[in-house]
Structure formats: C-alpha cells, structure tokens
Amino acid sequence: MNLTVLIHCPDQKGIISTVTNFLHQKGGNVVYLDQHVDKPAGVFFMRLEADFENGYTKALFKQEFESQIAANYQMKWQAFLRKEKPRMAIFVSKYNHCLYDLLSRYHSGELEADIPFILSNHTDLKYIADQFSIPFYHVPISKANRKEAEQEHLRLLEEYKVDFVVLARYMQIVSSTVIDVYPNKIINIHHSFLPAFAGAKPYHAAFERGVKIIGATSHYVTEELDAGPIIEQDVAPVSHTHSIKDFIAKGRDLEKIVLSRAVKLHVQHKTVVYNNKTVIFT
Amino acid sequence: MNLTVLIHCPDQKGIISTVTNFLHQKGGNVVYLDQHVDKPAGVFFMRLEADFENGYTKALFKQEFESQIAANYQMKWQAFLRKEKPRMAIFVSKYNHCLYDLLSRYHSGELEADIPFILSNHTDLKYIADQFSIPFYHVPISKANRKEAEQEHLRLLEEYKVDFVVLARYMQIVSSTVIDVYPNKIINIHHSFLPAFAGAKPYHAAFERGVKIIGATSHYVTEELDAGPIIEQDVAPVSHTHSIKDFIAKGRDLEKIVLSRAVKLHVQHKTVVYNNKTVIFT
Amino acid sequence: MNLTVLIHCPDQKGIISTVTNFLHQKGGNVVYLDQHVDKPAGVFFMRLEADFENGYTKALFKQEFESQIAANYQMKWQAFLRKEKPRMAIFVSKYNHCLYDLLSRYHSGELEADIPFILSNHTDLKYIADQFSIPFYHVPISKANRKEAEQEHLRLLEEYKVDFVVLARYMQIVSSTVIDVYPNKIINIHHSFLPAFAGAKPYHAAFERGVKIIGATSHYVTEELDAGPIIEQDVAPVSHTHSIKDFIAKGRDLEKIVLSRAVKLHVQHKTVVYNNKTVIFT
Amino acid sequence: MNLTVLIHCPDQKGIISTVTNFLHQKGGNVVYLDQHVDKPAGVFFMRLEADFENGYTKALFKQEFESQIAANYQMKWQAFLRKEKPRMAIFVSKYNHCLYDLLSRYHSGELEADIPFILSNHTDLKYIADQFSIPFYHVPISKANRKEAEQEHLRLLEEYKVDFVVLARYMQIVSSTVIDVYPNKIINIHHSFLPAFAGAKPYHAAFERGVKIIGATSHYVTEELDAGPIIEQDVAPVSHTHSIKDFIAKGRDLEKIVLSRAVKLHVQHKTVVYNNKTVIFT
C-alpha cells in the first residue's frame, strides 16, 4: 500500500527520526517527506508518503502509530491510502466556469477524486451535470426554508459518504450547521484578493477603489464570512481601460484556476490547517 | 519644442479632431496620442505629445489653447516641455532600500528628474545623500513640534521650487497642511496590497492572516490614510515557510520597484487623477 | 454604425489630425484612438473606433477613405463593423482543453465570433462539437493524402466564408497552400515560451534543460515552423519537484488562456502585423 | 553547532530513516528536512539541518558520516556550519546595477556571505568598491593576455580563500581553466529567458523576434556558453510600445533580482546540481 500521513504536534526533538524509524520497522519505505516548524507558535508539521510491500495495512498502522508514537507527542494526524479517492460534492448556483473547469480536470484524470453529486439552489446548470452523467440535486434555498435546506444538504452528504465539499461559485452562505460537520472540509472560491474586498460584489468594490491588480482566493469555509484559512491565491493586472465587465471576465479565469489548484491540493492531502492558516506541502 | 499635454473633460463628440486640428494649425506634429473614456462617469481623458519646429512656445500654447479650445470643453489640462525636468524632493526615515533604488536610477539617467534635496526626521541616511552629493535636511518631528516641522517642510519645498514629493518609506503621516499645497503631487509607497492591510505593520497583519501573496502599493497621498489614488501595485508569492522577516525582505524588493515605477510614470506625465483613481497612460 | 479602422503606413507629420478630421467631416465621433510609431522602422500604426449616426456606410467609407486619405499616405488599412462578427473555424486533433475553453467563452458571449465548424484529423473530439451543436468535419491527413486534405480544408473554409482559423492544439503542420490564402489569419498555440523550444515535444525539452519557468505562445502561422508573429505569451513557475506530466498539466492551463487571449485580440481587431511582429492595441 | 547537510545518491529504501537515526544517535535534533527523488533518474536528494548542543563537531561528523553512512549508499554529500559564512568574490565589468544590488543586501545583512574582493577588467566601478570598503582588483583582459589574466584570477581566488564567484554582468567568457577549479561554484546572470537568446545582445534579439515577455536567468557556469544548470529565472511583460532601451531598463530590474535570489540560494546551501540541472530546496 501507499500511505500518506499528515501530522502536526508541539515541536520537540527527534520527531522526524522517531517517525521514520517507526515506518522503517514496519517495513515502509519513505518515498516523500516534507516538514515545517512554525517557530513562533512552536508547532511541528510533517507530511510523508511511505510504500509498504509486506501486507501491512492502514488499520494496523492507525492502531500502532497512535499507541506507539502519536500519543507520546500529542500528535494530531491523518492517514490516507493513495488508492482511496476522496469523494467530493460540488455546490453551484448559476455561474458555470468553475464547474466546467473542475469537471474537465476530473474528466481528464487530472483531479483524482470521485464526484458523487452536484447540488444547486437553481436548475440552470443541470445540463452540465447531465453532460458528465453526474447526479444533480436541486435544493432551493430561501430565508423561509434555510433550515430544511441545510438538513437536506447534510442528508445528501451523508448518504453519498462525501469527504469534502467544493463551493464552485455557490452564492449562498453556508452556516455552522454544515460547517461543524465538515470542519476545514468545505472549500470556497472568493472573487477577490482577500482580505481585500470580502463580502458581496468584490469586483465592483475593486473597480471603485481603482486597484491595478485583481485577485481570487480559495479558502476553507469558517463561520466568519470570507475569513477562513487561505489555501491559494492568484492575481491579474488591470488598468483604467478595464470596465467592471472586464474585471468580471478576467476574474473568471482567476477563479477557476485558483479553485482548481486548491481542490487539487486538498485531494492530494497536501494541506494542514492551524491557527486559521494553512501549511501547504508541495 | 516637444510638448506633452494632459487633458480631461466631460466627454463629447469631436474632441480628438478638435485638439489635433488645433495642434496641426499651430505647426505641431502629434507624435503620440492616447485617450480614454470613462463611460460610466462620462469623462474624456487624453495624453498627447507634439513636436513644434517653428518657434511656437509653451507660453503661447497655454494662452491660445485655453481660450480657443479648453474653455469650450470645460477642460482641465496641463502642459509640459520635455526639456523641463520636474523637481522632486525625497522624504525618508531610516530604511535605505527605496532611497538607494531611486538614486541609482537617477544616477544612471533612467529617472529624468532633478532632486534638489532629501529630507528626513532622522539622520541615519544622511550618508547616502552625501554619497550622491545631494543636500540633506534633518527635520525632527514629534507631537510637540509637528506644526513647526510642517512649516519647515513647506518652506524648503518652496525655496527649492519642488514640483512633487516622494515619500520613500517616510514613516510619518503627512497632514493636509502639506497635502493641500501639493494635491496629487505626493507619492507614497505602502507595503501592502491595498486596500488590504492599510495602516501600521502590514507585513505582520499579512503573516497573521496567512495570505499566499504579499504586495506593495504606490499611491498619491490624500488626507485619508492609505486611501489615495493608486498609481502602481505589484505582488510576490509567499508560503508558510516564510517568516515575518522573510515577508519584510521580499517586501523590500516589491516596495522599491513599485515606488520607482510610480515615480517614473509621474515624471513622464503619464498619470491623471480623477474620482480618487488614476488613468495611467503607457 | 460603429466602425473600427486599423491603419499602418510610413510615418509622417499630420496623419492623426488628417484622419480624425476626415472622420469628423463625415459625421463620425471618434470614441477610441490609439497609435504607435515604430521609430527605427519609420512606421506609423493607428487603431480607431468611430460612431456614425447619420447613415454613413462602410461601403462609402471604404471608397472615400481610400481615395481621399489612404492613397496619399501609402496606407495599408482595414475597416470592420462592430456588428459583423468574424467567422472562425477551429482545427483540433485529440486534446480537448483549448477547444473547451474557446467554446465556453463563445457560449457565454465573451468571444464575439461565429464558429461555423470544427475540423479535426481525428474523431475523438466530435462529441464536444455535438455538445455545442457545431458542425464537425473529420478530415484525416497523412503523407499520402496531404494535398487532397488541404484542398478539402480550403473548400470548407471558402464554403463557410471563414475569416480566420484557430489551431487549438491541431498537431499537424499547415502548409503554404492554406497559409497563403489566410495570411496572418491562422492563429496557433505553441506549448513553449518561444523562441525557446520550438518544434516537437517542448515540455520534454524544457524538463531536460531544467528551466524554472515554462510558457506558452500564441502566434500567427507562417511558413517557418513556430516562427510567426507572436500575439500573446504567458508563463508559470516550475521546479525540480515537477515531473514532465506536471509540466504538461500546468501547461494546459497556460495554453488555453494564452490562446483564448490571442483569439479575443484578433476578434476585436486589435492586432496589426508588421515585420513579423505584432502591434497589439489594448 | 548548526549543521546543514546536502546529500544525493542512488535512490533506495530507508535512506531517510538511516540518516535521521544517525543524527539522532549523535545527539543532533533535525530542525529541517526536505528531500526529493528524481524517479526517472533514480536519484535521491536530501537537505537537512540539525542542531547539536553536545559538543559534537563538524570534523567528527564528516569522519563518522562518511564511514558509517555515506559510503554504504554511494552518497555525494557536503556539510556546512551555519556560522561559517561562505566567501564570495564578485566579478564585474561596467554595469553597476547588479553590483549595487548585491552590496546593498550584503550591507543590510540579508546576504550572509563575506566578500573578500571585487574584480573587474575595467576600473569604472572601483568607486563602488570604495564606497563599501571592499578591496578592488583591476585585471584587464584581452586575447593577448587571457592566460595570464586567468592565472591572476586563480591566484586571487586562492589567496583570499574564495568559496564561490559571482559574475555580476562580467562581460567576459570564463574558461575551463577557472571553471575546473570552481565547478558549480561560479554563478552568472544572463539577460534572457534561457535557452532563448543565449549569447550576445539578447535584448536586441528579443526585440527583433517580437516577444511579449522578456526574462533573466541565473545559472552555474559550465564550459558551454549560457548552457549551465539554471538556478533561478524571472520574467517581465513587454509590448510593441517598448524600445530596445526600454527592454534594457526593464531587464536591469530582472537581472539584479534574479541574480540576488540565486546568490542567496547558493549562500544558504539550498542548491544541488545534478545532470546539468538544479534541485533547489526552499
């Protein structure tokens, strides 16, 4: 098996050799290791991949690693098998560019995830789900039915055993009802260079302010709007010659690429969240 | 003579042909023309350069253009002779990177301005002024003496017939006392991607927020802190591996390049300010 | 009518005022004007847009402008009505990313062109043409049938009154038989930062050389392979951690964006070719 | 002591745990570890930093690591003490921008190296060496005296115990006489995006070709001109509005930043050369 392990814990001596030793003893060959120490915070982070050809299992690893290593170091850790593709639900509203971009990467094999369903508060993009033969759920949402709608979201996420959710320009606020079940597992794309222009209509605000560069930001969703841990950002130059419509068109290219990069990092288990920030292993 | 003219006025038909016709009749050859219409605001902008080989003068142009053209179109306009180098004062505190960068471009002829003096509230950088044989004035500033210090600033700016001021990491707030005398003529460099992280310690705030890109912004100084018209911005990628110290080091490279670009645009009369935004002709 | 005019001619005095005057006299309002002088080459370039509300026609403009203005200045010029969408054929082979990107921009109205047909030497991408309800032609090509295939290309281009051709990762060389009929009207995307890595397998060559940045280049097709006038380029960082497969995946994002930008510039009549280079009006 | 170790060797199982174990047994705490496997080439690379507080010495490490570990794995490896600043000679000709940039970083403590001397084939930049109180050697070079000049270079490099050489726009070819003594230890800045425009006058060639992006490349010097392992590259956009003079001015900013980044990576022992490519640890 190929096992990816993500670890973070209070920094102390000997963690790397202890962990690599453990894996070596269990017959694992470490084929990738990257680590990071946040010195001001005193936290150690590590991502590693190990190959086992001796029949050692993930279940055994979880049990032995926890009792023999992790407990001693107060580690928070996760382990993933490469062959297990994470299951990702996509929520959309009416814009199709991010959805098309994700699905074409999924279709070409670049995005190694399963997509059990697409959900929307509108029916506009059902045709794309149909094009790619992915189940589509229409869950209208309004002030009146928000609670029921969220229960329906949770029901579908559970039914389909979804691992994480991508908000591909889903123009609704996701409340703590859902976030609490999927902490650091809901990825949003915001169409500004956060923390500038949080909230609604960021391109209009950027145009008004007269910025010379616009951006897009992908982040994990937390309760505070547009304030969660940033996974990926990118920017593009603009000038006085660009109208708001031009900002929006240029922004579409940013949004889809930034979101896809963030989703890929998550799918590859390269992100760790700590103190409302991310460590991104490369 | 080579004359550069910057114009803005309410948009209407026929402005370009009227202006180019006028110049043609006066014997001018238009060697550069760029224009822009801000359609939502209904404002027309134009920058042009014309060569005259017939002895026509700037003084005559100013008189005739105002009476024959500008008044009819409610134009706000400025005219500059290429051979007249603008006179630029530099204000600094203790950081040397922006100062060095400006002076080395000045020294190599890349920055076609005169630098009558450098002013600081500290004496730390006097040695650089000495290296380049530029007069240096030390004007300490504190709560107690702020008014007197600003009068001294104004006195020096007047005495040396300064056209515009560059705040090359001058860590003091410039008040309306000075701004009102130099409207859209004081250029600041702020070490963030505005409007994100306005105010003090932007690199610390950026680090805290966990952004993946940092920036620098050069803008004209207005009364509201870090809220003036943006001239130029640029960014650089960062990651969790960068400490605040790394942010600051990377930021230095951004600051000096963004400030120098903004100063060059101003020196070449390529900027027009309107509605707290800039039109930048290229 | 809204008329866009592209002009280039030997540089001399008074061209701008002469042209804008002419348009003014015919009742046109110049709403956009940009010009450029290549001083070493002594060539003047201009792009302008004029609105006419008096019934003046393109046919009349063409006749009067040629006889009254263009002939005197040895101008090469073109005029386009905004309402006339250029007709663009797309040639593809087996890669779908550029085709999808162009079609989604076309579909959303961002790309103001008509697409009368898609042509391929394979049938792999027929399904995409079907998705968007665009006629698809399969014209296999081999050493043996190249001449016949090219005749079929020309026949289709003529039948559908195609204005320009986009090679969206069409993996075949287009010969002078077709180029001569469409000079500076065939747009290619090459998956390298030209002139580096012209020819086959540029990502492999870039990987082999150990570059730290990869690129993509869109250019007009000329007889010499990958040596035509460059319209647009962009780059992305790479490192030793990227495999050739990673180069190719990153490159796909570059290719589709660079090609789409180039196609948009062409569709908006913002490109002029001169001396195997382009002037790109913005 | 703080020890940085750079290793590369044929890839095999257990290297990471073997090395980290060894360090742990000697009382070292691994504070940084990054590794890379070039799978097609079958080569393992690792960079690590370890703190020792038990009096263990570099001399002892070198002996024990070689005999107990490195020999078994056919490792090529280097070890550096953090407190030992590498000694760097700078060669220049007449351009001052790269020299100024390096020296100002050195002066501010950003570049943790010693600079025992600056050498030039001209005397134009002696004044800068004087400003920073660094010994300056004028070694004229011509066809006639090339051999003698190179012997003088080698004599100075040896006398001053120089670890590596930076060619900061040194406009002379360095021959194998010197390269063989400093393999992968001479850093050059080439003013193009290599491999495009190798050789003389790259900005002229880039202008002629009509590229839309220019670049700069820093690389280790090998016998083949501009063909050595690339350390760092960066680019800047250009357009038809830029003259060759503009290319050169924009290029200066690229050159100095790309060279400084490359020098910092070398100084921090973050580069490994293999197969004429670099692995850059970050």
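The letters A, B, C and D name the chains in turn, as written, and every chain counts its residues from 1.
We adopt the following convention: a residue touches a chain if its C-beta (ideal position, glycine included) is under 8 Å from a C-beta of that chain, and two chains touch if they have at least 3 such contacts.
Model, not experiment: these values are computed from the prediction.
Contact with both chain C and chain D is made by A, B. Counted as hops between touching chains, the shortest connection from chain B to chain C is 1. The chain pair B-D and the chain pair A-D differ in C-beta contact count, and the higher one is A-D.
When the CA atoms of chain A are superposed on chain B, the rotation angle comes to 180 degrees (nearest 5). Centroid to centroid, with C-alpha atoms defining each point, chain A and chain B lie 42 Å apart. Chain geometry summary: the mean Cα position of chain A and that of chain D are 37 Å apart. Shown for chain C are the residues in touch with two or more other chains, namely 239, 241. On the side of chain C, the complex with chain A involves touching residues 96-97, 100, 104, 108, 110, 131, 239, 241, 249, 253, 257, 282. Residues 36, 38-40, 193-197, 209-213, 215, 229-235, 239-241, 243, 275-280 of chain C touch chain D in their complex.
Taken in their complex, chain D has these residues touching chain A: 13-14, 16-17, 20-21, 23-24, 29-35, 37.
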